[in-house]
Amino acid sequence: MIVNQFLILAAALFALGVYGLLVRRNIVLILLSVELMLNAVNINLVAFESMLNTPEAVGQVFAIFVITVAAAEVGIGLAIVLMIFRNRRSANVDDLNLMRW
Amino acid sequence: MPFEIDYLALAPELIIVGTLILVLVLDLILPRPQKYWTATVAVAGTALALLPLGLLALNDETISMFDGSYVVDDFALVLKGLFLVAAYLVFLMSHHYIESERYYQGEYYFLLLASVLGSLVMASSRDLIVLFIGLELVTGPLFLLAGWRKGDVKSNEASMKYFILGVLSTAILLYGMSLVFGLTGEVSFAGIAAATAGMSDEPALVMAILFMMVGFGFKIAAVPFHFWAPDTYEGAPTPISAYLSVNSKAAGFVAMLIVMYQALPGASDVWAPILWLLAALSMTIGNLSALRQTNIVRLLAYSSVAQAGFMLVPFAAAAVAGADLQQAFGATLIYLVIYAVMNLGAFAVVIAGARKTASGELSRWAGLARVDPILGVLTAVFFFSLAGIPPLAGWFAKFEMFRSVIIADPGTISLAVIAAVNTVIALYYYAKVVKSVWLDDPVGEFPGDAAAAPAGSLRLALGVAVALTVAIGVYPSMAAFVRDAAQVLATGG
Amino acid sequence: MEWLETWGLTITVFLPVAGALLLGFINRDNENALKRTALAVVVLAFAASVAVVAGFEFGGGPYNTYQFEVNQTWIGAINANYHVGVDGISLPLLVLSTFVMTLAVIYSWNHWEEPKNPKAFLILMLILATGLNGTFVALDLVLFFIFFEIVLLPMYFMIGIWGDKTPRDVPGFSKPFETRLYAAIKFFLFTLFGSAFMLLGFLALYFESGDSRFGNTFDIPQLTQLGAEGAFTGDFAFFVFGAMFLGFAVKVPMWPLHTWLPDAHTAAPTVGSVLLAAIMLKLGSYGFIRISLPILPEEAVTWAPFIAILAVIGIIYGSLACLAQTDMKRLIAFSSVGHMGFVMLGIATMTDIGINASIIGMVAHGLITGLLFFLAGSMSHRYHTREMARLGGNIKLMPVMGGIFAFTAMASLGLPGLAGFWGEFMSLVSAYNPLDGLSLGVFRTAMVLGAIGTVLTAGYMLLMLQRVNLGEPSTEWEGHEFHDVDRFELTAWVPLIILIVIIGFYPRVIFDTTTDAVTSLVDMAFGTETTASLPTLARGG
Amino acid sequence: MTFADWISQPVNWVFLAIGLVVLFTGLRVVTAKNVVHAALYLVGALAGTAGLFLLLSAEFVAWVLVLVYIGAVIVLFLFGIMITRAPTGLDEGLDSDNKAWPSLLSVALFVAMGWGSIEAFGTDQVITTGSATSTELLGESLLGRFVVPFEVVSFVLLAALIGGITIARRDLTPIEEEERASV
Amino acid sequence: MSNWLVLAAEEGAVIDAATGGFWADTAGIMLVTPFLAFLAILAIGKRLKHQGGEIAVAALGINLIWATVLFVMNMTGGVLDETTFEVGRLGGDLVFELGWVVDGLSIMMFFLVNFVGLLVFIYALGYMRGDVRVPWFFAAFSLFAGSMLILVGAPNLVQMIIGWEGVGLASYFLIGFYWDDLDNVRAGNKAFLTNRVADIGLILGTVIIGVTLGSFDFSTLAEAAAEHAEALSAVAFTGGLLLFLGAMGKSAQFPFHIWLPDAMAGPTPVSALMHAATMVTAGVYLMARVFPLFQNLAQDTRVWMVAIGAITLFAIGLLALVANDIKRVLAYSTVSQLGYMMTAVAAGGYTAGLFHLFTHAFFKALLFLGAGSVIHAVHSNNMSDMGGLRKPMPTTFWTFVVGSLALAGIFPLAGFWSKDEILATLGFEGYNAVMWIAIAGAFVTAFYMTRAVALTFFGTYKGHGEPHESPRIMTGPLIGLAIPSILFGLLNIPGLSWPGIGNFTEWLGVRVVAMGDHHAEGIDFALAAIGLAAALAGIAVGWLIYGKDHETQEQRDRFKVPALYPLLRRNYYIDDAALGVVGVTAGPLARFVDWTNNYIIDGIVNIVGGLTKALGGLVYNGLDQLGVDGVFNGLSAAADSAGSALRKMQTGRVQQYASGFVAGALILVVLFVFVI
């Protein structure tokens, strides 16, 4: 196995995530897309780790941290979604354009 | 393998941790009317955390822990000082604001303290992972705090925009970091620096640097990663906007400084041009956008974008052969410190003014000085300082900034000229604020309790800010020690 | 007077700002206390400057030696010091500054423009005084820059708050501005635009001096030293000079950077215009003499023809513009463009005579135009209009004021025997024979055009007199009771009149201070002693 | 190495299989017209990722992924979907109408990233020493060198938790607060 | 001032001169008293009986003592002295000095100015009684005299300029004295500005010469000229021409004479002083001061100067023929006489020119004062309102006649001698054509003076009211001036040196450098006769045309006809052949000159003035407000609109922000990875 096969897969996932983030209207779905991106990053890290085999397995540690942070992000994100929903009865980002220029 | 831990070195972080736990506890036991104690505790804690800094500053040997992934040197101390003082001022501003609006107080201070903790950690980080976690801790709570005015849809929107763009930037940043790791097999800056020595022509590295820069660029709201700033500043509670525009921006800069000068000094010929571009864009677009703002907070938002541009200028000099890296580094740092002081002052003025005018619209601020000359004077001081007019602190920041790029090199000179032109543009809208406060005739009565003086804490904040602004302006040597701190780090470069 | 040696200048400079602080503690309703304190402060500052004159050793030493020198570390990090001192060139301007400031305070005693608020106004004036005095004595580029900029803020507020409130349309903008606002912003932006580049120039010098024996320095004497040794040359110096040129030229103001001036003068309150015309404009030309010329002599020579051309354009252009004015104050404002044109022409020749001309020209212009603005202010104070079409026969309604007005106008058109003459005449003299190596063609053409300019000057001044002073008063003033000059106005004006006459007939009072310094300056910077003259024809006997 | 050599290794078949699954599910996550489905597709994608981690002999990370995500996060998501009453059925209005720009951007991004990594790593091999990375090693580095971030990240979670609750919870009316106080 | 004497001795043309002792050393008082008077009158004039007039008179009285003493000393011994104070050193060896020089030339002028001035002042006491702003009048009048004295005493060009402009200023005040009427103000402006234009010449000339010599002193200039210093000769032509330009302005030489007629707007005493002793003579005086320059170096310029002078003396003289305003007649005659002086000096007739200046001062002052007294009586300047005044105003009449004859150059009055001298010089210097023009000029002069006398004093009175002789205080000065007008010609009879006092030429001779100009050894009787004949012819013709008075309107219009109604006039001349000759020659010519004067030259001035103002408007409204200023406004407006354009980016839609975000990142990637 070469490392690039993982990297390219990760790149693809990341791109998909970006696409989702740009296209999705529903905030929850946007969060999902973000998860895809972070996941891509994880793939990168782990792949690199097993390519380099660092003494302290830094890559994997990094991946674990990313996963944790991602979880926290989700929590925060959903909380915000709920708050907005409570005020606006909608989880649609397009409705959020009160403030401009 | 066990690590020996220097607790004095960690004291500031530990004190903050203690404070935020104490705040939580107090929040649970205190009945609502007494909850303002949490604020007091937070302020006290922050002040207390400044003490060990002093002690550490006295002995200037560098303390390095955990395989050098966590370092306490002068540079770190200066920044921690900056973060703590800024936080201290923000707390002072928040106190009355939060209490009077019946927001959740305990949680508010808890989250803010957490964010402060993050910034402290980041200042000492010499390692991608620590840096990343630190940044997350700085930002995470802010996503929530931006939406603290739960009832107000604008506030919701603010936090939502901030959050979505925040996570996007985090993802990109992480991707960049992963590439760096992959290329070097290291996460410690020292290691990376060693490994990337001759690698500057490696496209993947360039890409990695770019992606990381996107992450930092978001934090410091540099064009084109600035879109969130105006909306968020406007929607968020004003003290949070202040915090965003100072601490979180500073955090971003610190990250950038460390990574660029510590981890990637070898690749300066890669990142210097990029930052040249970002600087030029941020200055120009930020200023031009600010020209048309009618809402004073949005105006400050764009101004902070432009100011970020000015702070980026010195980076561009780093690539030039024979450039004085310490000088460039110190310039950014000094600018950061001075900017923090005067920008916080400006926001404090906004809070105080908003109480009188009950509006953030500049038009409603017209003639404010008639009813409150002191506030008028303060407005003049802070905004002219931001404009960089002597003898207010701002001039020295600009001065240092120019000083770092006046090198015999077309690239930097051209940037200097761009900066000079922008200084004048910026002048226009800063003067516009002062103008409407002093020169315009009031439109009707001031709805807010025009008589009400700013709350004691806010007055204290204003006092500190104005004192520092004038003092540094008249005797800039005060701020010069920052340069010595800068040397520690920049010698790596 | 050891004490005076060390503290004289510092007191002159910082006493006013201290006074400003003091005023801050006086209740704004207690007008008399405010005025008396302010007056006391400015008088003391003036006294201090006079003491400096008394202690000044005239005709002393080669150029670049300063008296009453103080040199203390200020911003150690960038090697910028609190370095002040005077020589024959700065001394007259310093005294002029403190002197006019005193008169301005006296005048404003009972002339408060709307909205009154004497407290704020006086405080601003005092801060302004510090800025102005400081600029003339600063011997460190950073210090110079600071003082140079300090001047902005008070003036900005003076114009903006007490200025002319009539709205006016501005090309390019949809809604009309109030004149004061437009003028204030414009003044502010123009000046800062210039000084931003000036700062760049200073910094460039700082770095270029890096490998000199002084190390990186902002110190004017040291830089002058280096400049004389030819340390700054080539494209670098060329651009540096250009940058500083922008900064100074805006302040002077030189065509085509002058357009802030008419608006600012017209909009500003009387005292504001007076200080603006009498002192602030001098900062620019002083900067040329003190900084640009000695530090970058070669570039100065390169730029000289360019400066001369702009100066002459300014002369002709300003005068022509004056002819078209209907607003008295605006006319006077434009006349400044012309007069400063002569000053710059003198400087451009790079000769001792030329620079002498510029200095005495500055002083004269300060006194005369200052007085003119006083008068214009007092008149519009009484008539509530500055439209010359509505005035006329003023001398019939107010003989004394009309008389003084006529006198000042005559002085302003460069009548020999009054202060204004020497500046114009001498800059023509110097333009006939500029520094060796400068294009005679350019400068002699400049001389002729300048001479024609004097005619135009006479033209519009007479036109103004005719419209304002002479003829029958227009019927709209029938029944109005005009009180002629009051005692505050007289106390403020008479000293100016006397000085104008004295300098007119006995210019030595200026020359004895300046000539040696100027000659040595030219000698040091350009290595030539004087304009070409025929030793064979030295007077016999 | 040619594609033939590459494909000749059986492990790569496995990779190919999992990879395709991941890609497909990932695509569906961002295209599915039904919110719940999207969430479930994410499960698939993550599971696939875990598989890849196993291929890379990073078992610990794989299991963490499974536990944290599929165990917690997805549930969290579903809750979120339920609470916000996002239309659980088909919903055409899920995506914004303008898809051209986003697709262009993401494709470009993919190309850039892919090109970059190919340039950088060419055919570097992934060395897998059969045996999985020992959890002990991870533990040591987590609690050793990386103890600071380890501690700090807990504050991130704590902040997210408390802040999330505060933000998301329904505010009490003043009256309710009175009752709350009286009790 | 030893060097002066040394040099003078070398030239050997000068009798050894005393330094003048006390009187020369204190001569500066003359330069100061008028200014003290000026201040004193402004201060306390109102409260005095004559409203300050007495102060002015006193001042000039004191001056006259010094002037007379010096004059006499110069007659007997010759006085040569210079006193200067340094008022400023410019670096280099250029020095500004103020002071006074006492030599033949300046003494002559001192005497002239103070003597004539005093008489005019006294006259003015009566003339101005009851007029408006009398104190201001006398103040300005003193200023006028004072400035002239400064000019006269000037030891260097700079002080000359000071006095020069001072005179201009005073004339501005006095011409615009009745400033309630803006026309008078405009007249004042015109005078001042016209002079100012010419002054460019003076100033630039001063600059060029001063810088070249390294000194502004006349003495240095004279020495340099005497030594034919090459540096000086290099600039001599330019410098000389420029100085002459200045002189043309003050001395109202063609085409700068335009301001003079308008200058009549002031009170008559002003005109008297202005035309006789001060203002207009300054130009000639300047030429005399720098004479060595033209004598030795700037010969090329002299041709021009002579030409200008010739044109002036004849063409402007013709104008006097058609003027109706008596003061204008005199004004034009002054110009024409100045033409004589200028021509003479230019031709090298230094003494001749100055002698004419000297004599002319007396009778021209006399004529003006006479005219003033007439105007005082009939309250009109127009001769068409006068006539037959010889009976009610005998003194005025006789003195006026004396003045006229002197001006016309009738033997043995002053004018005859000086004019003859000029003719002689012209002949000697070989300017024969010019000489004949001058003779023709003499004819014209006599002609218009006769016309003036006839229309004013003969025939019947056509004005209103009952004219009376003026008071003693006015007639006194008339007599006081009539005497020198008769006698002073004898002071310089060619070849005759009065025992003990010598003659005018010798007095003038006391100079730095002897002028070496031609001074006839004896009278050229032929030439004298021709000159005299021309004058007499002029009188005769004049008398023929205007002598008899015609009652009916159209008949009285007769003398206007040549000027106004060509057709009428031609018819009229048909039935009077003798006069027809003159009519067809003088008439059209006069009209032509008049026309050019009004339309060409004046027109040019007006056009230039108008253009300048228009240009001003253009520059201001066009360039300044739109152009230069517009750039600024344009810029800020541009920045403004740029700002609003950027606002469009801030759509408030988070996903567009995000795309901007990603796009930004991508662009950076493309830029820095692929491009760079």
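Order of writing sets the labels: A, B, C, D and E. Residues in every chain begin at 1.
Here, a contact is a pair of C-beta atoms (placed from the backbone, for glycine too) under 8 Å apart; a residue touches a chain by one contact, two chains touch by 3 or more.
Nothing here was measured: the structure is a model prediction, and the numbers come from that model.
Asks: Show me the overlap between the contact partners of chain C and those of chain D.
Replies: The common neighbours are B, E.
Asks: Using mean C-alpha positions as chain centres, tell me how far chain A is from chain E in Å, no decimals.
Replies: Computed value for the inter-centroid distance: 98 Å.
Asks: Using mean C-alpha positions as chain centres, tell me how far chain B is from chain D in Å, no decimals.
Replies: 31
Asks: Counting only Cα atoms for the centres, state how far chain A is from chain C in Å.
Replies: Result: the chain centres lie 65 Å from each other.
Asks: Would you mind pulling out the distance in Å between where the CA atoms of chain D average out and where those of chain E do?
Replies: About 104 Å separates the centre of chain D from that of chain E.
Asks: Mark out which residues of chain C touch at least two other chains, giving numbers and ranges.
Replies: 189
Asks: By the touch rule stated above, which residues of chain D touch at least two different other chains?
Replies: 96, 101-102, 105-106, 109, 112-113, 116-117, 121, 140, 144-146, 149, 153, 156, 159-160, 163-164, 167
Asks: For chain E, which residues are shared contacts with two or more other chains?
Replies: 636, 640, 647, 650, 652, 654-655, 658-659, 662-663, 665, 669, 673
Asks: Can you name every chain pair that touches?
Replies: Chain-chain contacts present: A-B, A-D, A-E, B-C, B-D, B-E, C-E, D-E.
Asks: Where on chain A does chain B make contact in their complex?
Replies: Checking each residue of chain A against chain B gives 3, 7, 14, 17-18, 21, 27, 30, 34, 37-38, 40-41, 44-45, 47-48, 51-52, 54, 58-59, 61-62, 65-66, 69, 72-73, 76-77, 79-80, 83-84, 86-88, 93, 96-101.
Asks: Under the stated contact criterion, what part of chain E meets chain C in this complex?
Replies: 1-3, 6, 86-94, 96, 98, 158, 161-162, 164-166, 169, 172, 176, 179-182, 185-186, 188-189, 192-193, 196-197, 199-200, 203-204, 207-208, 210-215, 217, 219-220, 223-224, 229, 231-232, 612-613, 615-617, 619-621, 623-626, 628-634, 636-637, 640
Asks: Under the touch definition given earlier, write down the residues of chain D that touch chain A in their complex.
Replies: Answer in residue numbers: 1, 6, 9, 11-12, 15, 19, 22-23, 26-27, 29-30, 35, 38-39, 42, 45-46, 49, 52-53, 55-58, 60-61, 64-65, 68-69, 72-73, 76-77, 79-81, 83-86, 93-96, 99, 101-103, 105-107, 109-110, 113-114, 117-118, 121-129, 133, 137-138, 140-142, 144-146, 149, 153, 156-157, 159-161, 163-165, 167-168, 170.
Asks: Help me check something: in the complex, which residues belonging to chain C touch chain B?
Replies: Interface residues on chain C, with respect to chain B: 74-78, 120, 142, 145-146, 149-150, 152-153, 156-157, 160-161, 180-181, 184-185, 188-189, 192-193, 196-197, 199-200, 203-204, 206-207, 236.
Asks: Report the residues of chain E in contact with chain A in the complex, numbered from low to high.
Replies: Within the complex, chain E contacts chain A at residues 647-648, 650-655, 658-659, 662.
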